[in-house]
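Order of writing sets the labels: A, B, C, D, E and F. Residues in every chain begin at 1.
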């Protein structure tokens, strides 16, 4: 009685606890939903780890968990985000992203179709970015103990240059470059949040940022510091860097691009776009004499085509961020205590 | 563990097996009635120790296997309600209804909890006064006293949010049905030790007499089962048809009178539908009128509505010893352990699951 | 049907008839078990437990019967 | 008005959404609860990644997410588990574990005390194992969208030898060594599950396994394959390896140690200890002529003091696992379809 | 965005600011009543554009700031119930009650949802018939018509599981209280544009006359606020006390009569407790008897029980222009943005939060 | 109090008096807004929106007043 499996896992199936048991259902999940989107390394080794080729240069290591809700939002989904987010953290060290791990926490009841779409998207995002998904893990939690799907990616990259790219290298006089308009990711996600729904041309900026960074480095720009703008937005990232470098930053609001739809959504909910999340934007600190050249390089990459210089590092050691706004007044930016909540007042 | 390890000793087991080999002269077909015995036979590979003349047939004594499609569908409907917490023994969760199983309901957000005891379900009801707590009370005579006690205690505690979806089966009528079925091949029975711990075994004497079958009340460890087989075969070889008690360390002739008393207080005997087999007269239990308010079917207005089982599963015939898993058209195709069509594919010791495991071997002798 | 396993009664916990219970030991791990149906069980006795209820008391005498029988078979075998 | 913070974060606080916002609450969480238990690298770099010293040998990369409930169980907690689990996956490649990342998904409402205890435990586990926690991430999900605390760790190790340790190196005749008694972790966790509670001397086996593995390698044992036994237990791990190597394994049940409490708990719930999870046990496949030496080495390490040879690889290519049980019968082990569920029958 | 960008143009703003500088000869203290205006002043740094003689005092026009401790405690008690889904505007979640805030309840498992509109809460009630859905109806005259409409629609839709925890405030009585307070320093008012969009501004004329204060109905953009200041200062310099309408693009003298009609249908005027300030006669709204069944306080038997606010927060005096945040003993100590003791520390534009941000600067001139 | 922002009425969605609503455009993003209190608003009009309700219609005429005033100041300034 040698029977083959005649049943393709049906598309309207959902994740069950058994898919996380390590048993036959787990195997099918891996075989049918996950391996096809990963590089052979993982599948072939059929082992709980990946043995990598020797890494040239110093190794950079990072991790992020992705918990976005909804899983699909205008302009992206959690799968792309999980690839790009970790690629970007590697890029912000000036590293070339090489390998990613992928660890899934599935909630019982997640439609298999959703998982399939997310995994396919991860596979495409990895291919487009030139990183390899080489090792992973899958857990299933009971209904009500997760939120559909959480993804963790850890990443390994190689530093192929001798620069140190870190907050403490920020110098007075440095030019602060911003790679595009801000607030799109946060507002695109919010546009799909239950109850707040609005529609319109609001797409997440979710994108990989290694290309412009490597372009800067290859051109010999003496990059002092880089930071991708994720939760907390531009303002939080800069406050962290001001504190990390003990420098004062002066920003010009007029040079910070915000699209009309982002502004409209922010005004409607009483949110400040400076604190709204991005997933495809970064700031670069470069010496003033290289600022024009750096800007030109950034503007040549599609993902950072709208880069602008938005401010400078001043001589003061006050560790603060000052925004000169559109009407010429100054505003001190600080960290928000917690999440921005929609206001009525 | 005392009273377990000693019944799993190789030397003792081999001695009994040798005695069976010594006694047997002709082919005999013996049914172990109870799913627990089937479990032990498959897990320990006991068939390997028996002479080829002895064929063990796995009987219908597994509540998971015989609970009717209709009741499973009712369970699924009730468990799907947002106001319900549905408590069940673990192995019921994977049994397929007409459309999905309880695990599917759970995955879709139903509050379904695995319990070890009906007392736990009672506690869930006490802890969740704003929810309806429904316990899936499946079982044979062994389990029925536990469910009866849950009803008594719920009454005493004045719980208004507790009810039972009852699917209870009685063994003797099933044995009678098997004996009287046309084409029956079963020549002797290992009766279910724990059922007899409650009910005693006086009821089996008329059956043994009438159908001329030896019946041996048997325990669950390898040594028990082999001794049960020996006591059965010896009678068969000698043409005797007595009721014997292999499991005397746990079973008294009259059973547990305390338990029988509470059982009669709470339940009435009624006809019952056995999955794959059909209705058998006076082979089930239902809540007595005094306790009707604990009846989940009534409380949630469950209509008797499931159509016939169209799955094509032949589990009933397998459990009666009339056919084998490989006779089923779905075996290994639409029906596999990770997506069972019928109950015998659900647990890894179910008849079909055991066959499935050995499907790639030339010798299918291990089940 | 009816997974039942033997455990040793360690300590009575509740003496009220319907909720009579004891800590019962299974190879070292313990669980509270309802003893309403086996009120005669004493500390040190073994009981067969099914879904949280003791359904019968193990009779040591009977438990040894099979081993005595096996010894007899053995003796017979040696005689043969 | 230069005010200092006079309030220590009070011990009865719980995690709030703001702790995941990237704002001030996030900073405090990191500063007070997480950084103290990590190596300086992460704290000092104050960056989203860690730049590591050059890694000698080939690099091994792995990841696992930990979703255990309850978070604390007899013999361990999720923090230790998250360190040891990834250390063990590295060890199973024969690698020396070097660096871990730590990514937390906190559920709103998690007591800070719990977080503090878990993080302290992670710190201790890392120190005891000699790995460094160098990069991390923290997310907070709404109440009801998590289960208190999930931890992902990814790990980097170095391969300092030239052996390939993988399923395809398993050879007929290989001796199968098991590093101790089985089933303890799964049953210790189950002992604390709501409703199933039982008590007694049941401790998880949760432990790091790199020491015995490195000891084998240093002694020149030609280790063919290693596998730690996690979900799915011994049986599932061996079935996977039998399939991965297309070999038949013969096991002797009598040589597989199971303690009485584990057996008692399994009997009570109708579970098979061969399929119960472990977190500090592994199997090693070694050439028969080195089996005795390997066993002696394993037995010298406290974590594998009870190692035994439990079976051999036979010449057949049947890709199956056969257990000869205590009464001399054979049983074919396969993967369970899903989770083991407690039985009544 | 049209009607926003043009009021944020630097050139226009500078022209108006220059005109203010030109007109001012003496110190003047002006209160912007509305929290939305405060928000704009702090965020845009408008004080930097004004001559040093002009001091802006942030008024009590923020429902988040003035909702009483008692109501917050009621909200927390109701939101903690397992049968309740509690809907609130986002910024209320962080306001401290006697013991924790709504975010704490949420973190402990309370089903609390942030809504943008009361209509959303209504939808939640329709979607969750088995739950009690309570909407935290806070606000001034601007928001009250939305809440009134929610009550009307719930009546029309026969929703039985919807109720409102009402905390509604009226502006004119508050202005009168501020004017008549002993030691009041406020010499002119920027009235709240959106409140007047609903209510018109005829009610302000007697106040302006009696207390001899100019009152300028003002919008929310930099240009609006500066023009409001200019219209106020010009009157102060000339000793005139008129009610003027700076925000005529949105405000009609008589307000929105449609809205007023529904408002009166649903609500009665009543005395109201303002957090930190105390009770002000006829300064609040309560549901009329016909709609009493929508009153969450009644439905859940909320007792009037909160003790006095013992936090020591001086927010009331700050909102009346009588003291400054740095006068508060808790400022920057027990009270900080990530754990506010009082409402003005909650939002980043609250008076105390704004002071806190600039605490390390020698010049505290930016707020 | 009372965050209110101007949006353009794009399309009427519901004409029943109490639930009268329209798609209103705020810088490109749109949301359904209750128009019960501003029944006179037509497509193309701007309305001030607060918590999902239009509370008034923007009068373009009045909106330009301040810019005319600023021009006058400018002219005066040039004269001085």
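As a convention for this text, a contact is a pair of C-beta atoms (placed from the backbone, for glycine too) under 8 Å apart; a residue touches a chain by one contact, two chains touch by 3 or more.
If you're wondering where the values come from, they're calculated on a predicted model, not measured in any experiment.
When chain centres are defined as mean Cα coordinates, C lies farthest from chain E. Chain pair with the highest count of contacting C-beta pairs: A-D. Chain D and chain F have Cα centroids lying 61 Å from one another.
For this pair, chain A with chain E, the centres built from the Cα atoms lie 37 Å apart. Separating the CA-averaged centres of chain B and chain E is a span of 69 Å.
Across the assembly, chain D contributes residues 16-18, 23-25, 142, 144, 260, 263-264, 267-268, 270, 336-338, 343-345 that each touch 2 or more other chains.
Of all residues in chain E, those that touch two or more other chains are 1, 4, 34-36, 61-63, 89, 116, 120, 139, 143, 336-339, 360. Within chain F, residues 1-3, 5, 26-27, 50-51 each touch two or more of the remaining chains.
Applying the touch definition to every pair of chains gives A-B, A-D, A-E, A-F, B-C, B-D, B-E, C-D, D-E, E-F. Residues 1, 4, 8-10, 13-14, 34-36, 39, 43-46, 48-49, 61-64, 89-91, 93-94, 113-116, 120, 123-124, 138-139, 143, 222, 336-339, 347-348, 357-358, 360-361, 366 of chain B are the ones that touch chain D when the two sit in their complex. Taken together, the chain C residues at the contact with chain B in this complex read 1-6, 8, 18-19, 26-27, 34, 36-39, 46, 48, 50-53, 55-56, 58-60, 62-63, 65-67, 70, 73-74. By the touch rule above, chain A contacts chain F in their complex via residues 191, 197-202, 259-261, 263-265, 267-268, 270, 343-345. Interface residues of chain E, counted against chain D in their complex, comprise 103-104, 106-110, 326, 331-334, 336-339, 355, 359-360. Chain E meets chain F in the complex at residues 1-4, 6-7, 12, 15-16, 19, 34-36, 61-63, 89, 116-120, 139-140, 142-143, 145-146, 149, 152-153, 156, 192-195, 197-198, 220, 223, 227, 248-252, 256, 258-259, 262.
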